[in-house]
Structures are given as structure tokens and as C-alpha cells.
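Take a look at the structures listed below.
In the two complexes below, subunit A is the common chain; its partner is subunit B in one and subunit C in the other.
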Partner chain A sequence: MLVYILRRLFYALPILIGVNVLTFLLFFVVNTPEDMARAHLGDKYVTEDAISNWIEEKGYDDPLFYNSESEGLNSFSETIFFNKSLKLFAFDFGRSDEGRDISSDISDRMGPSLALALPTFVVGIWVNICVALMVLMFRGSRLDRFAVSVFVTLMSISYLFYIIVGQYSIAKLSKLVPVSGFNDGLDGWRFLILPVIIGILAGIGAGARWYRTLFIDVSGQDFSRTARAKGVSEAGVLFRHILPNAMLPILTGVVVVIPTLFMGSLVMESFFSIPGLGSYMLDAIRAQDFAIVRAMVFLGSVLYITGLIMTDISYTWADPRVRLN
Partner chain B sequence: MDLAFKPVVLWTDVLIFILVGLVSFFIYTLRRNPENRARWREVFSTKLGMSTFVIIMAYVSVALLDSLHFRSELPPAEGQDSEQVYYSNTVNSVLDLMLGEMGERQERTYSSPFSLKSWNRENIKTETGETVRDYPELTYGGQHLESPDDKALDIVFQSFKGLLLGLALASILIGIHWLILKRSQSDQPALPWSSAWLTFAVIMAIFGWLVTMGNLYHVLGTDQAGNDTLYESLKGIRTGVLIGTLATLITMPIAISLGIMAGYFRGWVDDAVQYIYTTLISIPGLLLIAASVLLFQVWINNNPSYFEVGLEKADAKFLALCFILGITSWTTLCRLLRAETLKISQLDYVQAAHAFGVSHLQIIWRHILPNLSHIILISFVLDFSGLVLAEAVLSYIGVGVDPAMASWGNMINLASTELSREPSIWWNLAGAFVLMFTLVLSVNLFSDLVNDAFDPKTKLETA
Partner chain C sequence: MNRKATRYLAATLTAATLLTGCSGPWNDPNPPSDPELNTYFGSFITRPKHLDPVRSYSSEEGLILDQIYEPPLQYHFLKRPYELEPATAEKLPEITFLNDQLEPAAENEEPAFSLITIKLKPGTLYQPHPAFAKDQEGNPLYIFSTPEESAPYTLLQDFPEKATRLLTSDDYIYQIKRMGDPVNKSPLIGLMSDYIVGMKEFGKKVKDARQDEQWLDLRDFDMEGLQKIDDLTFTIRIKGSYPQFQYWLAMRFFAPIPFEADRFYHNPGFEKKNLTMDWNPIGTGPFMMTRNTPNREIILEKNPNYRDDFYPTEGTESDAKKGYLADAGKRLPFIDKAIFRFEKATTSQWSKFTQGYYDRSGDGSSNINTATFDQAFTVGPDGIELTEKLEQIDVVVDEENRPSIFYTGFNMLDPVVGGYTEDKRKLRQAISIAFNDQEYIDIFRNGIGQIAHGPIPPGLYGYQSGQEGMNAYLFSWDEKTQSAVRKPIDYAKQLLTEAGYPNGRNAETGKPLILYMDTTAKDNSPTADWYKKQFAKLNIQLEFRTTDYPRFKEKMRQGNTQIFRWGWLADYPDPENFLFLLDSRQGLVKCECNGSNSSNYDNPEFDRLYDIVKALPNGPERLAAINQMVEIVQKDSPWIWGMNDKDYFLSNQWVFNTKRHGISQGTLKYVRIDQNIREEKQVAWNSPNVVPLLGSIGLLLALIIPGIGAYRRRQKLTIETE
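Moving on to the complex of A and B:
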């Protein structure tokens, strides 16, 4: 198992390098630091001095790949590629364009992101599976068709609409919970309950529909029919035969998401002013702070790849036939 | 030249018509295959399939009409050389002509649906010279009335007129279609045309009503800048339809060629292709889109000379957005095509073709591509609704469609602040939401049917 994980980590390396090079090309070659400086300082009435000051201040004044003015190894390390891109591998994210330390910002903001994303995720999956199982009980009936059309309808509503209408009707009109904000500790539930509920509701359509298709696939197989034929109750078939056998596809869809929960939700966090990584990214995008965007792109890819490896490991736990070697 | 207008050709206009051409060609070639015909017949033999298809077609035709742009000629000014013709700086479309003056009836600021007065109180000078603080009358909305008391009666009367106009037009077209159907006798069981006709009649009635009423009142009120909300929502159709189709179209060649190459040649080609898409998948999509859009924006701002009118700039940005959205979503299709090609290239007839010495290109063109066509088509339909919904989220983040271009995303964005004003402004959200929801729902229902008909066992990843 350990060997397997190590090998997978080794395979992940080229992908991370690819991500790294791609972001480097996007941020420094397609658009030169000078373009960035212009975009930041405004297009008009900007002097050459102001631009070169800005570039120097942010440390973008080195050559891209090879510094001919330095000697030895320094000619590789005193370059933008080394300082801004390669250092990401050591999780050294450097400073944002505003001068704040990105690494400490990220570790501060992971907590609130997780406080919102984890309940939404866990309860969401539980609700989706329960709804799907309930619908499965009535498979082929009119109720089933009605449920599917409700799922499709829910799926077709924009995520933003759920948030806007939910926030307006529950927080602003009924004043049941605060409109937005965040508080550390247990007291924070008042702020989190509404976004969590909205997040779950918005996900039911697509989620429950997906689980329903999965379960129907499994319930059509021979072992389910045999179980029914030998007199196992419908609930028994559902929980002892269908659910465990549907586990593999469920894990494929679910486990990969777990590490990326740290990244938070861009839209939800900004609507409810939760100081997590999602709103951090959004602020960075709006302020065109590319240092933060680069760091988050890299972090996101690392987390995604971690998720892929975790998915493979979870297979061995769900299905004894799977061996990793 | 005696043209009273000057056509304006935007990049996205060209692409959308190329797409229409491609799809028609695709359908034409698919028709020859009896199995494909049977599958599609299955889709259209349901009432739901017929109605949703008519709705989708209505959206597509509005989008196409809105993609024929021109600049109209300005009337010659006094003392101007008559040889020289000047064109208006605003770009209009054929849809604008059909909607009449709906887009030109600009008020000062918000007003509620069917209202005769503005939403804001302002200082008004009365005839006696006093200054009163009251709701000013609108410049256009309902100003054809002789007195405000006639409003209810006028709305009922004009509604009848609009509905009848739409229904009359619809019944003529349906009648023609009925006659054609009656003449062509076919031995196949009849398709449920009646539900298509019903949907068509309803759409035409609604459209007739909207055009009639929209030229007299502000049916959905006006937005902050005083633009008619109904008009803005209708203009949003083009943006929505284009983003849903172009994003897939632009990157489809990449997905198809890489997917087939990986599955057919295997070996290092396969490794390379898999590496490319794993790398792209692992980057958080929203961030990649945001970063690319921001970078493109920087480029546009540094090269303003490429664009003649403001709309061209917005259009370039829009095209870039489609491209970027496509880049982040082609991987799913590529993966599916790779897997399917792997399977097909092991089949006996492909092996036989190899043995006969048929070239690789011939095998791919003759034996592999035709067998992949349904996957391509299904994923095209499935991606559509996701892309339309994504546009709204991207606009909220600030990396979506240019604010100069009407889009549902931009309208929904303003809604969260507008709703909490007193009295709340709901019509912007409602207008964008209803049109967007109808489109996405129809496409979702239709794609479900297509998916069921083609392969009950294909598991396409639905978002």
C-alpha cells in the first residue's frame, strides 16, 4: 500500500509540473509583467518610472528563465520562474501584490471555508442518497416520474437564484438568521445554517438524480432479483444489496471532492461574507492580484490530485476485490 | 451603393452561422443511416420531445435573428455633402427591427412593470412654478393613454390584440405545415405534431403579446439605466444560446482529434493526450477561467486599436470567454471518445480493414468517426445547459460577459442589491430568471430524452 501511494505521488509530479509551467506561461509570457503593471496602475497617465517601480517592488524584474548577470546556480535561481513558480512546490507562496504573506492568509482562511463546506458536503450527500433511495422504492410509478421531473426542474435553476432568493426571504424578510457574517466557535452556527441549507437545496436536483440512476443500474442486476426472489424485504434489498454495490461509483464521485473542500465556495462565501478561501480568491480576482491566483491554482491542483489518490485507496476499502499494486 | 444600412459582421455571428451549417450537414448525413433515424424518431415520438424541441428552436431562432447586425444610415445633416453617408454608431440587429421601438424607449431610471410613473421620487416643477417632490411620469411607458384611468381597459384591449396577432400568425404557419404533412404520405406512424403545434401557438401568442405591449408599456419595468427589462432579457437570449453552443463548438475539433488519436494509436500518443487532459482537469476550473479572462482583458486594454465599435470589443471578449470555457470542458468529451475508440478499434471490421491495407486516415474517417457521432452529439446537448448556468456565475465573479452586452448573468448580479431596496425591485431578476429557466429546463428535458433513446447504458457524466 505504501509503495503504491509513493508511486502515485511520483506520477503526480509531472502533472504538477505541467500545471506549474502552464500557469507560468499564462501569467508571465502571454502577459508580461509590464502589461500587469499597466493594468494595475491604470492605462492612462502612467509614467515609465511608476511601471518599473511597481515591477521591481513585486520582484518581477528578473529575467524569465536564465539570469546571465548572476553566476553559477544563481543564474537559475534569480529568475521569475524559480522565485515565482518553482517555489510553489515548497508551498512557499510568497507575498500578495498588497504585500501580505499568502501562506498565512491561506491557513487562516481554511477554517471558515471548511466550516461551511464540510456540513454542506456531508449532509448534502446524506440527503441526496436518502431522497434517491426513497424514490427508488417507488420505481416505475407515477411518483417516480414526478420526482424525476422535480429533480430536473431543480437542476435547471441557477445556483445564484437559490442564494439570492434564499438570503432575501429567510434572512432579510423573515429575519430568522443574520443576513451575513461569520463567528468562530460554536456560536457561529447562526451564520452558517442558511448557507448550508441553501447549498444542500441547490444540490438536490443534480445529486439525487445521479444517485437514482446509479441505484437503478444496480437494482436491475441479477443479485438484486435473486434477493427479492428469496424473500428479502424491499428495505433489506436496498440497504444490504443495492447500497453496498453502488458504493464504488459513489466513491468515485465523492472522494475526489473531499480535499477540494478546503478551497471553499467562491460564490457562497462572498454572498454570506464568510472569510474563507473562496472569498479570498474572489477578492484576488476582482483586485487582479495574480500572486494569490497563482498560489490558489497550484493549491487547487495539489488538492485535486490528493483526491484522486484517496479515491483509489478508498476502492480497496469498499470492494475487497480491488488490490493496489 | 444605395444601401440604407451597413452590415456589421461580428466574429461570433460568423461562428454561430457556421455552427448552424455544420449541424445541418451533420443531420443530413445522419439521416442516411437508418438506425440513427430510428433513434431520433424515438425522441420525437414523445410529446415532451416535440414541445421542448420547439421551445429550443424558438430560442435558437431569436438568437440567430439577433446575430444579423447592421448599422443604419443616419439622416444627412444640414449643409452636409450628400455624397458622404454616415452610419449610426449603435449596432442593431434584425431582432431589434422585429421588436419595434422596444429598445429605444429609454427612461431615466427604475420603473415597475406597467407603471406610468418612475420608481424614484424627484423634484418636479409644476405649471405654477412650485417645486413638488413626487414620482415623475415616464417618457414612454403608457404615454399613449389619454388619462391614467384608461390603463386597465387599454391593457385588456391591447392584450387581446397582441394575442390574436400572434395566434393568427401561428395558425397560418401551422396550416401550411398541415397541408404539407397531408400531401406527403408516409408509412411510418405519425409523430405527435399536435403538441408541437400547440407549443408553437403558445410561443407565438406570447411573442405577439410581448411585442404589442412592449411598444406601449414597459412590460417588465426598466432597470437602473432606464432600459426596458423585457428588451434586455430578450437580448440576453443570444448571449445564452451562443455561450452554450460556441464554447463546445470551438474546442470540439481538439477534443475529437485528440480523443481519437489517443484511442486509435495508443502508446505514447495516448500517454501524451492523457497527460494533457489530466493536467487541465486538475486545475480548478473557475480559477483557470478567471485567470485567463483577466489576462485577456489586460491584452484588450493594451491593444484598443483592433476594435472599431464598442460592440466589437465586447464581442472579442465574449469569444475569448467561449474559448476559455471550452478549454476547461473539452476533457470530458475527449475521455469518452478515447474510451470508445479503444473499444471500436479492436472490433473485427476495423482489424479487417487493417489487413486490407486501408490507411489510418481512411479507417478513422470511414469506421471510427461515424460510430462516435452519437457521443459527440449527446455531449453537445448535455454541456449546453451547464454552460448557460455557468455564465451567470462567471458574471457574478466579474469575469463573465462584458457589461455592455446584455446577458442574464449581468442582470441576475444586480438583483441581490435591488431586491433589498424599498420597495424591492424584483422584475430584473424575474425577467432574466424566467427566460433562462425555460431554456435550461427545455434543454435538460430534451437531452434526457436523447440520452435515453441513444444508449440507455452510456453513462455520460452529467454535472
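Moving on to the complex of A and C:
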């Protein structure tokens, strides 16, 4: 398996380089350093000297890919591409355009992101699987048809609607929890409970419907019928026979997401003022702080690739027939 | 431990966790505060980017920095028009005009320089800070030579020893030198280098001297225009006569920075930990920053070393009526601590204000916008009134005219709308008449704002209201209502005909007149539709040329625009800060720089008068020149004059001295809070309503219980066979 993992990591390199080159072209060719300088320095009393100073200070005055004025390896290392993009491979994210250390910001914000994303993810999966199995129990009945139409309705409603209605009814009208915010420590649960519930509710429609479809495929197979024929209770059939046999497609959709939980949720964190990585990215986009955006895009691709590798590994755990060669 | 005991312990711990913070209302978002400390709760929507006073230039940064740093001058809290008064200075600066021999200039001689002498109050101390801490030998305690040495310290709180020292004139000189040092990227470096003698040369000297990122002691480099007279007196020599310079002395760019702090923040390894001047202010002001996590909260606490400062005793009759003089003569500041929480959405900020968790509707900005306006105000026949709900909870409204202008500009270099011939003037005047700004204010800004008749906003010297201030090219005076009435659209059509476009068509070619608005907004937005309708009144077709902001700015710099929207917020309350927006030497294309004259207006007579206005102090001669300039641009109409902004700020009933200042944000020291009322009201307004919660649980049970029943019935089903 180790060889397999190493090989996958090796395959990941060209993907990461591709992502890197693409983002680099977007940030430095489409949007020139001068554009960035003007955006950051504002409109008032900005001189050409100030613009060139800004560009020089950020190291954006080097050539893009090849420095003809340098010699040897320096021709490649004294370029914007090397300093701003290739260094990301060493997880050297550098400093944001406002001067803060990006690595330190990312580690500060990972906690709040995880505090929101992890319970939403874990409880959400558990709820979706339970609901799907319950509906499966009444397959073909009116209850089943009603449940499916409810799932489709829930899927069709915008995520923002859940957030706004939730905030308005639970936090503003009922005054049960704070409208938004975040506190460290145990007190943090009061701020997280509402976004977590909203996240779970908003995901039930799509999640439960998808799991139901997976379970239907498995429930029609011979071993399920045999289990029932042997007198196993319906709950026993569902949880001991159908669920484990539907694990592969579940893992395909679920494990890949796990590493990206660190990246947080753009929308949820913004509406609930949770100082996580999702809102970090959104703030950076708004402020045109491309140093942060570049770092976050790179981190996102690394985590996604990690998720894909983890998914492959999880197959061997879920299905002993699978071997990674 | 047996199983029962473990369960009991787990249940107790869970309950304890859940009940944490439930001692007050359930929805209280604020952390528990010390009841002994008078604490202000505020909020901010935009995170401050820079907290170094030499670099910071935005209002959201002012909310924090203006409470910490003290330039020599400040604005009087209550007086309007805005008036400067000494802050750390003992009195207003003395200005001596000098000739090019550096001798006092004769009365009729045009001065080559102005010498500004600033004398400081004695006894002003800095906030406690580790940069001042010294060992027994008198050497600085926290100076490190390697990042490893400084590794144990990550926050200012980690330094056990703190000290203070007296403010001296050296600190102001040091800060002005920092402004001139290109490494600090001060937005004022360009402007100030044009005025302060020797700043440009100083910048070159320090740039050459700086070898790496190590601290460069700016005391070793002289700037010709700066001179220390004694520990409490210094002079700044500027080129020519520029009376408005004193307004800059009330801005944080001119706040003192002790060299010890600059040296301290250049310790190796500090930058990596964000231990920088840009993140950890050090000042002499009423408050000091004790926590800076701008993605969560910023906490200011009373500076224990704050100098003697007292609430103003002078104000208008209206100030007395509103209770703004109730604390006259009392020592400042009134509050011990201010907690500013970061809000990502204005709706959440508004909800917390109405729930009593924020003392004011907004701090950096008023937070009265399209999302909140209807919850705050109703528009009645007498103008804007508070909604019944807010009236019931005794919310206080404060109104402030911000010296600002938001206009629609014509590019004067454009062959169609630009130019100075009579027909071009008439075209622009016709469009300005058709473009009904009052309608724009009513529809898109809920009536908040005031039509502008010229470049100078209300509240500034030279602004005229009533018939005298009316733009007679676009408005007529209605004696009955004693107000300016926009000239009829038929008159605008007549002007358009005289301009060579009868009924919106070119008189020579017969082609329809198509104009282009350069913008970053989408052309299908309600505002875009409204713009098109204004031009359509004259049968002029308006097209939108939408680009992203960098491209838009590039087009502006190159003069490739036709019509555009722009705005200006005053740096200081003087008409010169608005009239310079039309000075040809500031023209974006002419100066090939980032000038402020975005419409490329170029009128030699206007420029001549501008030089007079810039050099003279307020008086009849200056006023006459201002009036002439306004008349010139009203006639030329390089802008559709647009509107002057107005702000409404709301405060909860327990907040006192809530008056706002249109220029300065350093007003937190005047604010007083009655914590008892706040606590009482927070409990009264926020009793939780558990009915929906119980209803939801009931609904869930109503779904689950029949399900369980159905499952059980199903399990008991038997197959009947014959």
C-alpha cells in the first residue's frame, strides 16, 4: 500500500503544478502587479513612486518566469513564479498584501472552521443515513413517495434561505441563540448550534435522497432477501447488511470531503461571522489580496488530492476484496 | 468507576457545558464583562488593514486608531462648522512666513516658506508598553539579536515588564521622518514631499542607507524642514503658503511615534509573529489596544497614563437641548473598556443593536442601508422619522452631514461631451437639468442626502445655502416655497437644440446622440435603468461600458471615458479640499499622474483663483475667490453636481454624548454609558421564546412515533397462506 500511496503522491505533483501555473497566470498575467498596487493603495494621493515602491516591496518587479539578468539557477529562482508560486510547495505561504503572515493566519482560523464543519459533517451524514434507511423501510408506500417529494423540495430551496429563515426565526424572533459571532472555548457552542443545525437541515434533502438511491440498489440483492427470509429484523437487515454493503459509494462521496473540512464554508462562516478559513478566503477575494487567495487555492488542491487518496485507502477498509497495487 | 457513575459524570459535564454562558439571556453574543468596568460594546464590518498611523487612511482604521494616537491638534467635539483645537499641543500652531533667505517675509511679499511652530503640553505620557522597559543599567530590556531569543514572545501581553515615558517633540519629528521613508508606504508621502522641505531628499537618503530589513534609526538622518527647538517645541518648514496644513496636523499621519517602539518592533522574528507597528499601536491617547484579533474582536482599554483632558464646555443651544453639555468639564474618558466585535453582515449587526447587545447601530459607519433603513425609519411628510418600534425603546438619532460629494463627471477631453465652447456647455447643462438627483436620492437612498449645487458641500467655509447658493444654470428660485426648483425639461431640450442636438439628434448628420457611461456596475441594474431614463428625457441614448475596476481606472487615467460616477470624502473641512478636484494641474491626463481632477477640467482662471484660495486664510478676499470659482464651474458644468451625503447614527438609550463628527472618529472618549440600564433592558428585551423550539421537538416526535409504530406493526406482519 505504501508504494501505491507514494505513486499517487507522485501523480499528484503534475496536478498541483498545473493548478499552480493556472492560478499564477490568472493572478499575474490577467491582473498585473500594477493593478494590484492601485487596488491596494486606494484612490487618494497615490503617486507613481508609491506604486513602484509597492510593487518592489512585494517582489512583483521581478520577471515572470525567466530572469535574463541573472545567471545559472538564479535565472529561474529570481522570478515571480519561483518566489510566489513554487514556494507554495514548501508550504511557505509568505505574507498577505496587508503584511500578515499567512501561515499563522491559516493555523489560527482552522480551529473555528473545523468547529463548524466537523459536527455539521458527522451529524449530517448520520442523520441523512438514518433518514434514508427509515424511508427505505417503507419503500413503495405513500410515505416513501411523500418523503421523496419532501427531499426534492428541500433540495430545491436555496442554502441562503435556510440561513436567513433560521437566523430570523431562531435567533432574532425566538432569541434562543446569538444571531452571529464566535467565542473561544466551551462558550462557543451557543454560536455554533444554529449554523450546525441549519447546515444539517439544508443537506437532508440531497443527502437522504442520494443515500436512499444507494440503499435501494443494495436492498434488492440476494443477501438482503436471504437475511429477511432467515427472520432478521428489518432494522438488522438495514444496519447490518444493507448499510455495510453500500459503503463503497458512500465513502466515495464522503471521504474526499474530509480534508477539505479545514477549508471551512464560505457562506455559513460569512453569515454567522465565524472567523474561519472560508471567510478568510472570501475577505481576501473582496480585498483583492491575491497572496492569500493563491495560498488558499493551493491548500485547497492539496487537501482535495489528499481526500482522493484517502478515499482509495478507505475502500480497502470497507471492502476486503479491494487491494491497492 | 462503575457505569452508572460514568454516565452521571458525563451528563453533568454535558449540562455544565450547555449551561456555560446561560446566566443571562440565551442570545447574548458578548463575552462576560467585568461589572466594575464601564464597558462599551461596538462593532465593525470592515477589518482594519493597517494600524500604523503613518500608513492608515481608511475610516474603519480611524475607529480604532483615533482613540489611541494623538496628533498635535484635534477637532472640537461639538462646534460646527468644524473647528480645530489643541490636543497634545499647548495652543494652535504659530505660522511665520519666510522669504527664500529664510527671513520673515515682508507683508506684501509672497512667502517662499511657512514655518509652523508647534509647542506641546508638558507631562503627556505614553501608554504602558514593553518598548520602554529598561533593565537596571538603563538599557532597553527587550532587544534581541536572533529570532530564537525572541521566540518566547508572541503577543505584547507576553512581555512581563512595561514602562512609559514622556512625550517629546522628537517623537513627532520621528513620525514625520517615517512618513518620508518610502519603506513605510505612507499614502501621504507624495503630497507631503511637495510641501515639507527636504522630505524628498530624506526619502532618497534613507532608501540608499537601508541595507536589509534591520531597523534603521531615522534619528541619524536629518530632514531639512524639521527642527527641534526643545523637548516640547519643534518646527515644520513647508514650501509657500498653505494654511490648510494645520488640518493635516489633526490627522493620525502626524501622531507621535517613539523611536523605542520602532526599534522594538524591528526585533528579529517579530514580523513573522505579526508583532509589528502595523498591528500593535502605541500611543498617548485615551485608550490603548489590549487585544487585536480583527477577525473576532478588538479591545481597547483606558490608558492609565492619559493626560488631563476634559469634556468641552462650549456648544450650541441645540447641543445643550440634546444633553451634549451635561458632562461639561468632566474628566475624560468616561468608559473603561471598549469591545468592538467583528460583524460580517450588516443584518446581524443591526439585530444585535436592536437586541441591546451593541450600544450603537454602527461604529465605523452608521449601518443605515437598504437592508436596515425600513426597520429604522419611516418617510413621512416631515421627512424621516424613527419607526414606532425604535421609538418605543427610546433609540437616539444623531444626524451628521459628512463633507462629501458624489457626482457624475463628464470627461472634458471627450470630443462629444467635453470642451469649453458654448454649445458644449449647453449640452452638459441640458443633461444636468434632465438628471434629477433628487429623484435618485429619494429612490435609491431613501431620501438621505442633499442635492449639490456646486463643488463645496454644506458645513464648509464658502458653502452657501438658499437662493445665494443655488446653481442658476440648472435651477430657478421659487419665492412661494423659498426653495430651488429644477428648470423644466423643455428648457433643457431648448439648450440641447442650441447645443446642436435638436430632439436628441445631431443637427448636421441626423444621427441620434449616443452617450457612454463608463462604470464597473452592470447595465441591467435598477440604477442603470434609472440613469438611462434620465437621458431618455432628452431623447439621448445612454449606453453602459462596463469593465472591472482596474480597467476602469486605467481608462480614467488615459482619458478614455465619457461619463462616469465618482465621489470625494473630505480629508479636512476646507473648501480647498474640494476645489482642488477641478484644478487642471491635478488633471489625470494632463499631469500623467494619479491626480484628483478626474474630469480633466482645465480652466486657467479657475486655476489662478485656486492658487489664491489655497494660500489665503479665511476672509473676504478668499470668500470672493471661492464664489468666483463656484460660479465658473457652475457655468462650465464639468460635473452633474450630484449629492452631498448625510449620515444618521442610532444609539441605544443608555448611551450619552452620542454626537458624531463628520471628519474625526476620535470621539469615543466623550461617550458615556449607563451599564445598569443596559443590563436591565437586555434582560427585558431578550427573554427567550421556547414555543417554536418545543413545537419543533413535538413535530419531530409526531413523525418518529408513528414511524416506530408502523415499524413494529410491520415486524409483526405474518404471511397468511391458504
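Basically, the second predicted complex is superposed on the first by the 313 of 325 C-alpha atoms of A that agree within 3 Å, B and C clash if a C-alpha of one lies under 4 Å from a C-alpha of the other, contacts with A are read in each partner's own complex, and residues count from 1 in each chain.
Following the convention adopted for this analysis, a residue touches a chain if its C-beta (ideal position, glycine included) is under 8 Å from a C-beta of that chain, and two chains touch if they have at least 3 such contacts.
Note that the coordinates shown come from a computational prediction; the quantities given were computed from them, not determined experimentally.
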item: Combined model on subunit A: subunit C and subunit B, fit or clash; value: clash
item: A:Ser279 touches, of subunit B and subunit C: first, second, both or neither?; value: second
item: Contacts of A:Leu266 with subunit B and subunit C, given as first, second, both or neither; value: first
item: Partner chain(s) touched by A:Tyr159 [first = subunit B, second = subunit C, both, neither]; value: first
item: Touched partner set for A:Val293, first subunit B, second subunit C, both or neither; value: first
item: Contacts of A:Gln167 with subunit B and subunit C, given as first, second, both or neither; value: both
item: Colliding region between subunit C and subunit B, picked from 91-99, 307-315, 325-333 or 433-441 after the shared-chain fit; value: 307-315
item: Contact residues common to both interfaces of subunit A (with subunit B and with subunit C); value: 31, 35, 38-39, 43, 167, 172, 271
item: Touching residues on subunit A, where the partner in the complex is subunit C; value: 31-32, 35, 38-39, 41-50, 53-54, 57, 98-101, 104, 108-109, 134, 137-138, 143, 167, 169-183, 186-187, 189-191, 233-235, 269-273, 275, 279-280, 283, 287
item: Residue ranges of subunit A in contact with subunit B within the complex; value: 14-15, 18-19, 22-23, 26-27, 30-31, 35-36, 38-39, 43, 152-153, 155-161, 163-164, 167-168, 172, 206, 209-210, 213, 260, 263, 266-267, 271, 281-282, 285-286, 288, 290, 293, 296-297, 300-301, 304-305
item: Residue ranges of subunit B in contact with subunit A within the complex; value: 275-276, 278-279, 281-284, 286-288, 290-292, 294-295, 297-299, 301-302, 385, 389, 392-393, 396-399, 412-413, 415-416, 419-420, 424, 429, 433, 436-437, 440-441, 444-445, 448, 459, 462-463
item: Complex contacts: residues of subunit C adjacent to subunit A; value: 17-18, 20-22, 25-29, 31, 47, 49-50, 57-58, 182-183, 185, 187-191, 271-274, 276, 278-279, 293, 295-296, 341-345, 347-348, 351-352, 355, 549-550, 553, 571, 593-594, 596, 686-693, 707, 710-711, 714-715
